[in-house]
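What follows is a pair of complexes built around subunit A, which joins subunit B in one and subunit C in the other.
So, the complex of A and B:
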């Protein structure tokens, strides 16, 4: 028997529609991937591509239209809502927190199998060169990884050094665009994707220089 | 065991994670620092440590006693004082009156018609002694509103010291202070550390690196690094960023 993967996003679809009688799809996110082992995964993509929605689906705060998210083997949406952050934890971008209606009361759901989160999702952490905090942040990501946790780092790079940080710290990548995901096993493979180079634009050139 | 210990503190505001598994300890007679970028959870951490908020999980020990979830006034009675990021003074009262009102025997008595504070020489002497300690000797009869910003900050610390605490928490003491006032404040803190254990929350790295014996860096509601200022300075990014040049 193989080990339980840390994170399994199993054919998750999230569809947002507009209108009651004449439903029109306004946004559609499709994700299907597995991360077996601890590591640091970089998520990049334009604003509005679905990065934060993906994080919300993984932590269970948002509900998928279809599909399932398994964290350490547990279906996150079947775990008590007050204990989901013991499996997967979402560090929101400043105070941008969306609230969702809870579907079922906690007594009908399972407790979390762990006490401390295994999956850490960082939503656009602020990297500011003016202070020394970047160094402590990178050390912290590495420490979590050494403690056998999965770190997912979502960044929308604006500066060449943002890309340098991602290249230095991340072991693999996921590129999100218009609700579709592309995985890349390393930084060079990521840059071979023409969509990625188009998205990064000038940052790639200045980064190589 | 350290004088003050917090173990595995968790705090949530609805879906927002504010503190995640914070473990900290502060040794007696040391200056401990807590620093981190804006919005990292420093003030929430401070409020949980000093009893303003109750943690969702975790425990807080002071001098071997469990003080988790006690209301602030009971925590204060254990000998823990705190300052606020906002100024908390009676503007129309003199510096001395501000201190005298905070003396334990005066505040314990509450407002009393029969006791005239103006004739309580003992309380006034003790208040004057506190003022001298914080460098405001000679300003006894100046209304608080006429003091400079730095002197008001010192007076706030004096109010906390009037209760003769064993431990003093300072929340962003340098906020709003210029370079000179910050230097004066650092001298004041060096002076009072002889008699009280101090914890300072601060985002000004330079100030803490010069003062603190140990520093914990908080971000995302967690301790992401800790150590002496020397060990923290060895971090490559700290050395290469602006701070490295300053420190």
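So, the complex of A and C:
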């Protein structure tokens, strides 16, 4: 018997419509993928492509129009809402604190060596250049990974070194564009996608520098 | 959204535009467009004071650079100098 996958996004559709009588689809996200094992997965995609919606669907805070999300075998939308963060947790951009030297967000102080949550979704953590901040975040991602968790890291790489960080730390990638997902098993495969190179613009080729 | 804010700021034909992290949360291609807009403003005679976390992108379009830390300017000089001086950039900006 095979092990239960950490994350199974099973034919999930999320459709946003506008209008009451004449419903018009304004956005449609389709996702169908499985992540069997612990790892660090990089997510990239233009603004408004559906990355945050995808994260919300995985943590159960947003309901799919159809399909199912299973985290460690459990249908996240059937789990009591106050228990969902034991399975999957979404760190919004705003978890970053300005006075980093003085104070760290609570979750960073908590020892992470508990059994939960298994899936950690980081939504655009800002790789600011404050002393040691980037290194601290990378160590945090790696520690979660070593503890057999799944880290999903959504970043807009805006500097060559951001792209190098993603290349170095992520074991696989998901590119989201207009509500559709493309998986790439590694960085080189990711860069072969013309949509990815268009998204990165002038950054392509600069990461070697 | 940032592009809309920039256009709106330009409606009154200002001589100086202040930009507070215009690249925040934007995809790389869009950030590159924003930085090109900054260069265009400069070429049209508009002064730009740009606050940025993306030091390399910002330095690349700037003439002068000021590094701030805990409310103080700890470095000032030509942007190109900071961009090209890797050890100084590392010390002041961590990148």
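Heads up, the rule we're going with is that the second predicted complex is superposed on the first by the 187 of 209 C-alpha atoms of A that agree within 3 Å, B and C clash if a C-alpha of one lies under 4 Å from a C-alpha of the other, contacts with A are read in each partner's own complex, and residues count from 1 in each chain.
Here, a contact is a pair of C-beta atoms (placed from the backbone, for glycine too) under 8 Å apart; a residue touches a chain by one contact, two chains touch by 3 or more.
Nothing here was measured: the structure is a model prediction, and the numbers come from that model.
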**Asked** For A:194, is the partner it touches subunit B (first), subunit C (second), both, or none of the two (neither)?
**Response** neither
**Request:** Quick one: classify A:156 as touching subunit B (first), subunit C (second), both or neither.
**Result:** second
**Prompt:** Thinking of the overlay built on chain A, is A:203 touched by subunit B (first), by subunit C (second), by both, or by neither?
**Reply:** second
**Message:** Looking at A:126, would you say it contacts subunit B, subunit C, both, or neither? Reply first, second, both or neither.
**Reply:** both
**Which superposed partner A:61 touches (first subunit B, second subunit C, both, neither)** = first
**Prompt:** Does subunit B (first) or subunit C (second) touch A:91, or do both, or does neither?
**Reply:** first
**Asked** What is the contact status of A:140 with respect to subunit B (first) and subunit C (second): first, second, both, or neither?
**Response** first
**Request:** Would you sort A:47 into first (subunit B), second (subunit C), both or neither based on which partner it touches?
**Result:** second
**Item:** Contacts on subunit A seen with subunit B and repeated with subunit C across the two complexes
**Value:** 126, 128-134
**Prompt:** Across the complex, what residues on subunit C touch subunit A?
**Reply:** 23, 25-32, 53-57, 93-95
**Residues of subunit A touching subunit C in the complex** = 45-47, 93, 124, 126, 128-134, 156-161, 198-203
**Item:** Touching residues on subunit A, where the partner in the complex is subunit B
**Value:** 61, 85, 89-92, 94-95, 97, 99, 116-117, 122, 125-126, 128-140
**Prompt:** For subunit B, which residues count as touching subunit A in their complex?
**Reply:** 12, 14-17, 20-21, 36-37, 39, 205, 217, 219-220, 222, 224-225, 232, 235-239, 241-244
